[in-house]
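Note that subunit A is present in both complexes that follow, paired respectively with subunit B and with subunit C.
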Partner chain A sequence: MNKQIALLLVGLLSTGATFGADIIVIVHPTAAAPTKEQVADIYLGKSRAYTPLDQTEASPIRAEFYQKVTGRDLTQVKSAWSRIVFTGKGQPPRELLDSAAVKQAVAADPKAIGYIDRSALDATVKAALALN
Partner chain B sequence: MFTNDAWSQVAHTSRRCLHRVAEPAILFPAIATLVLGVIWAWTLNLISVERTAAEHAATLSSRELVDTYEAQVVRALREIDQTLKVVKYAYEVRDKQIVLQELKARALLPPDMLFVVSITDRNGNVVASSRPSAVTRVADQDVFQNQRRSDTLSVGRPQADPSAGVWRLLFSRRLNSVDGSFAGVAMVEVEAAYFVSGYDTSKLGARGVLGILGTDGIFRVRRSGEEVAAAGDPVDYKAVVPAEGAFETAVMVSTNAWDGVRRYTSARQLYDFPLAVIVGLSEDERLAAANTGMRTYLWRASAGSAILILIVAILGRLSRQLALSRQHAVDEQIAHAARVEYLAYHDGLTALPNRSLFSKLLGQGIQHAHRYNKQLAVLFLDLDRFKQINDSLGHQAGDQLLQEVATRLKTCLRDSDAVARLGGDEFVVLLPELEDETHAATVAQKILSAVARPFVLIGQEFRVTASVGISTYPQDGLDEQTLTKNADIAMYQAKDEGKNNFQFYSEKLNTDSLERLALDLSLRHALERNEFRLDYQAKRDIRSGLITGMEGLLRWQHPYLGTIAPMQFIPVAEETGLIVPIGKWVLRTACLQNVAWQKQGLPRMSMAINLTARQFADERLLPDLAEMLVATGMDAQLLELEIAESLLMRDVATSLRTLGGLKNMGIRIAIDDFGIGYSSLSTLKQFPLDTIKIDRSFIRDVASVDEDKALTEAIIAMGRTLSLTVVAQGVETKEQADFLRHNACDEFQGFYLNVPMPAEQIAELLRTQGHSQDNHPRAAA
Partner chain C sequence: MKRKMRDAARALALLGALSAHGAHADEGMSWKFRGFGTVGAVMTNTDEAQFRSSWRQTRGAGKSPDLGVDSRLGVQANVNFNSTFSAVGQLLVRNRDGGKRLQVEWLFGQASVTPWLDLRAGRMVLPVFLLSDSLNVGYATHWARAPTEVYSIYPASSFDGAQAQAHTDWGGTHFTLQASAGTTKADLVLFGAKVNADFKKLYSLNLVAEQGNWTLRVGDTEVHDSVVTGADPVPPYTDSFRGVGITYDNGKALVQAEYVRRRTSDPGAVVHIDMNAYYVTGGYRMGRWMPYATYSRFEPVGSSLRALGLSNTRTVAAGLRWDAYQDVAVKAQVESVQSNGFNFVNEGPAFFASAFSSNPRKVNVFTLLADFVF
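Moving on, here comes the complex of A and B:
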């Protein structure tokens, strides 16, 4: 019996570990939490309610984030931003080196929005949306 | 010079034209053509207007798009150049490789997502980069080589990146060392697609084009729909891009050399860059709506035209049918009128002209002859034995004979001559152009010969002859009536001459017999026209004074001449043979009257009728009488035929035979006008007589002249001896009557008490006598 409970706990923990790899959309603690659709609009340049922050193209979290929020791959996202930039309607999100840098930037800017690995989440920012 | 006449003629002509135009056969197609013209003019105009509008819109749109695109490309290029200039400045003023990090940190570099900024050394090796790139060495590339020689912005030719499946563009500027020597290049690398990412399908369609063309004729990038291309075969730059300085970009409709699509193409040389922007709108796409509209309009116009033509065709057909049926109705009316006129002027049996038409023709002929001083001839023709044929073979055969005669007559004549049937067996021929009388004679002889040829009627061969009378204009008459009458007179002359011959009219002939013939002419029609009637004269018993019988007396009520006495016309009738039908009529009428009286309840009376010589000689007398008695229901005992004494004595044997026949039938026989016929008493004794009627010449003077008195007494005595009833004729006075009664005469007739009167009055008289018979038995005496 105990053995079974232990197994279940291990299972839960392992699942929790997977959750730990989840992406969390974060905003400034004072800011309102956007919906997933709003997040997608912000990261495709359709909304300027927040200032989006990106992670580097090399970081694996970036492709996963765009896929989960917008349903598009990076080429498509690039194409969308190309159009925006070329027609002078906006600039793509600034790229920061990692989740910590993003968290730090978001904590400092009430207008900022970013995405980080769950593991990097702490109280300095507000978790607006969990993507899994 | 236009006179009033000329004007009115013009007006008339134009009215007639208008009238013609109003005819359906012209009006309908004219209206249809007009409407078709309007429909098609309107349709083609609409198509043209829409197409022009579409072309105009495409031109405008192309120009607008190139304006926008030019601005976007120039701004993008300036940003890139600006970046290069910043990098160059930083590099040359500060330190070498770390400049990029610093610039990036200060956000002086374009977004990493789209752009890679890098620096090479003098050998073309990339030594620093804003982010990792596939491009690591550019020593042999134009963007590097160009910078060795100059210090301007260089736009490299498109570079394929097969791994990513994209085209890249490199922009470079020269980097100088402190001593001014070539130290390498600063580069910006961007996907070619970036410059056409503004392609808007809603404006450019699926087959429009957006592109950047180098002055070297190489496309840096080109997009059509979702398809992005670059490089490719060089195109003729000058042919595509208008010369610099043309501010207003001309929009050319041309087939683009690079993909063969016809487009509203606008190209513009960029200021300060060795590039031109190109915008093209597919002609097919831009005009698709207009073309669809055009097809719709054409289809509608065609359908409308077809329907219109169909309607006009149907209307035309209907109106033609209407016109035809109207025409048909009119034709029928005309034909009917013609038929009616034909019937009015032609004889139904022989189809020859009738009396009316002949009268017209003769009138015209006379006018013509009068005007041109010519002669004409009228030939009157009568068949000699027609009546016999008609009676013995029947009317059908008679009709057939008349038709055949008509046919033969026509063959005897020229076309200009005319033959008509006047009725019965009378024909008349008009020879309007008569050179001399011998011609008329020739024709007459021809006619006689033609008629004389045998006829075959109901399978039997018959021969008839004709008598022809000829009168000529102007000798024998100047008017229609005279000519006809004289020809008729001449015809009777021919008959008198023994028939089957022709006679010319002569004045002598006329004076001799004019009256007789005039009488004869009208006598011929008297029976048909019901001009005869019978009066009745009573016969009374000389002692009782009672009416014992009647004598029927023929009266002719001529329409113009009034009542004509029998002694005037009977001889003519006798001569012409008309007495036979007339006599028959008399017998029949008298018998019918007698029977009628009896039916009215009046006493049985004898009915006496005179027979003429011709009647008496008629072979058919006995059978006709027998037939008549049966037909009328007359009792033979009551019928008394009066025959003149002289008549009986002509041919005693025949008379005896006939009288015997009459006697056998039970008919009573009276000798009329007895006493003046020189009869031998022995002969008289042979005849089966019933009555003798003393001639009026004896009675007239019986009261005064002794000889007459004696003769009358003798006659009465003789009659009594032979057991005959003795009747005195012509009793006009009481004295005569008294004398006769005295001498035992049986009955008397005459104006004394016995005036001839119509049947109704006789009936009245008989009724009165019936009542008064007992009271006044001798009223007459």
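Moving on, here comes the complex of A and C:
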């Protein structure tokens, strides 16, 4: 039931997104939902509006997420972050083991943002954006 | 200088030790240890002069491959004491400043007093160019090296002092403003003479605006008490350096251009190191491959450099970046470099003289290197 509500929410929030979306961008239930452009800026280190959380480098969802949101592959993303890291401006997103771990971390932190597999979505977090 | 470096190295080690300890003792404290580097060889089609990547290099590449032009190694320690206080130290090993190989590039403490304001003190990057802050991190850029016509003409890369960095978002655009004040030094070789540049009162403003695929940067660095010591003593002068740069990168195509101008006022009117320089570069990514091309131009202006006979010169470069592994990029670059009196060192008499003629010598330069991060 919760899952259906959440999915409905995703459909309403992300105009143009279909229900076939595999990756859901999530934030804390009390947080405002960012746009796709904002998500790209957050994950490329340009915006500090949220604290981004990553999945492991080897996970397929990570490559797909960055390609869909930023139009960049993981090498390019790494290159962009190396610019930020080696200037002391910031650190790349913290890596968590899987979608369940990301969901748990986002549910516990009003400033956090993450991306998870649709199958892991429930009402403990707010679905902000569906990527398809 | 040696002692300074040793002290700084000790401080870095202490930071590491402190944080390693802290990581166990306190969840709020964390530390990270990272590095970057470049290993590369450069060769040219002449032995009449040596091509160099910085005015701070006393030797460069000729007909036989030289490893010193681009090779470098940097290690960095980041320590977060809590959500407000952090520290960053970076040691850099490269060929410059007359062979002082190990240098403390940065060592600063930072306080994030509000989410939009960071205050820093110590040794920090001097933001005089679009890519100043990541200039040594070859992995972060598409080309083998930043065009020397532009990136050489301000020799100092870091400064000792204080900096305030403010962030704000406005209508989807992210602004970062850096205000800096301090001092810096650099050991140079100019026209065959060893010169020490001592910038005593340095002030800098740097504004970066980022929106989507666009980045725009404008900056102004003013030095009120530049003292140059070397072959010909020059009275203290003011040194004004301004630049504007723009990047468009949509993930596939990259276009970038930058224009800088340096003006010096010298009451004794001995030397005016006045110059303009710019480059335009573009590249296109095809999977792991990225071919690119760069045109850069150097224009000496004002009475002094023109009176010496220096002409406008250019470099045309083409290259290929290959992302061989996740953390390693291999780059090959071929370029035609025109001598501008600064970009070559240890010149023979005929080669040296050509820079002060209307038709400076052109040299083909070949570079093969690997950039990595860890």
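Quick notes
Keep this in mind: the second predicted complex is superposed on the first by the 111 of 132 C-alpha atoms of A that agree within 3 Å, B and C clash if a C-alpha of one lies under 4 Å from a C-alpha of the other, contacts with A are read in each partner's own complex, and residues count from 1 in each chain.
The criterion applied here is as follows: contacts are C-beta pairs under 8 Å (C-beta built on N, C-alpha and C of every residue); 3 or more make two chains touch, one makes a residue touch a chain.
Only a predicted model underlies this, so the values are computations on that prediction, with no experimental measurement involved.
For the composite obtained by overlaying on subunit A, subunit B and subunit C cannot both be accommodated without a clash.
Which of subunit B and subunit C touches more residues of subunit A is settled by the count: it is C. Within the superposed three-chain model, A:A58 lies in touch with subunit B and out of touch with subunit C [touch as defined at top]. Legend: residue contacts after superposition of the two complexes on their common chain; A:R48 is shown touching subunit C, with no touch to subunit B. Once chain A of one complex is fitted onto chain A of the other, the partner contacts of A:R94 are limited to subunit B, with no touch recorded for subunit C. Residue contacts after overlaying the shared chain place A:S82 against subunit B and subunit C alike. When both complexes are aligned on chain A, the segment of subunit B among 93-101, 129-137, 273-281 or 399-407 whose C-alpha atoms clash with subunit C is 273-281.
57, 78-79, 82-83, 85-88, 91 are the residues of subunit A that lie in the contact sets of both subunit B and subunit C, per the superposition on chain A.
Residues 54, 56-58, 78-79, 81-83, 85-88, 91-95 of subunit A touch subunit B in their complex. Considering their complex, residues 72, 75-76, 107, 111-114, 131-132, 191, 193-195, 197-198 of subunit B touch subunit A.
On subunit C, the positions that touch subunit A within their shared complex are 32, 34, 36, 74, 76, 78, 88, 90, 106, 108, 110, 115, 124-125, 133-134, 136-137, 139-140, 167, 169, 172, 174, 210, 212, 250-252, 285, 288, 323, 326-327, 329, 373.
The residues of subunit A lying in touch with subunit C in their complex are 37-38, 40-41, 46-49, 57, 70-72, 74-76, 78-80, 82-83, 85-89, 91.
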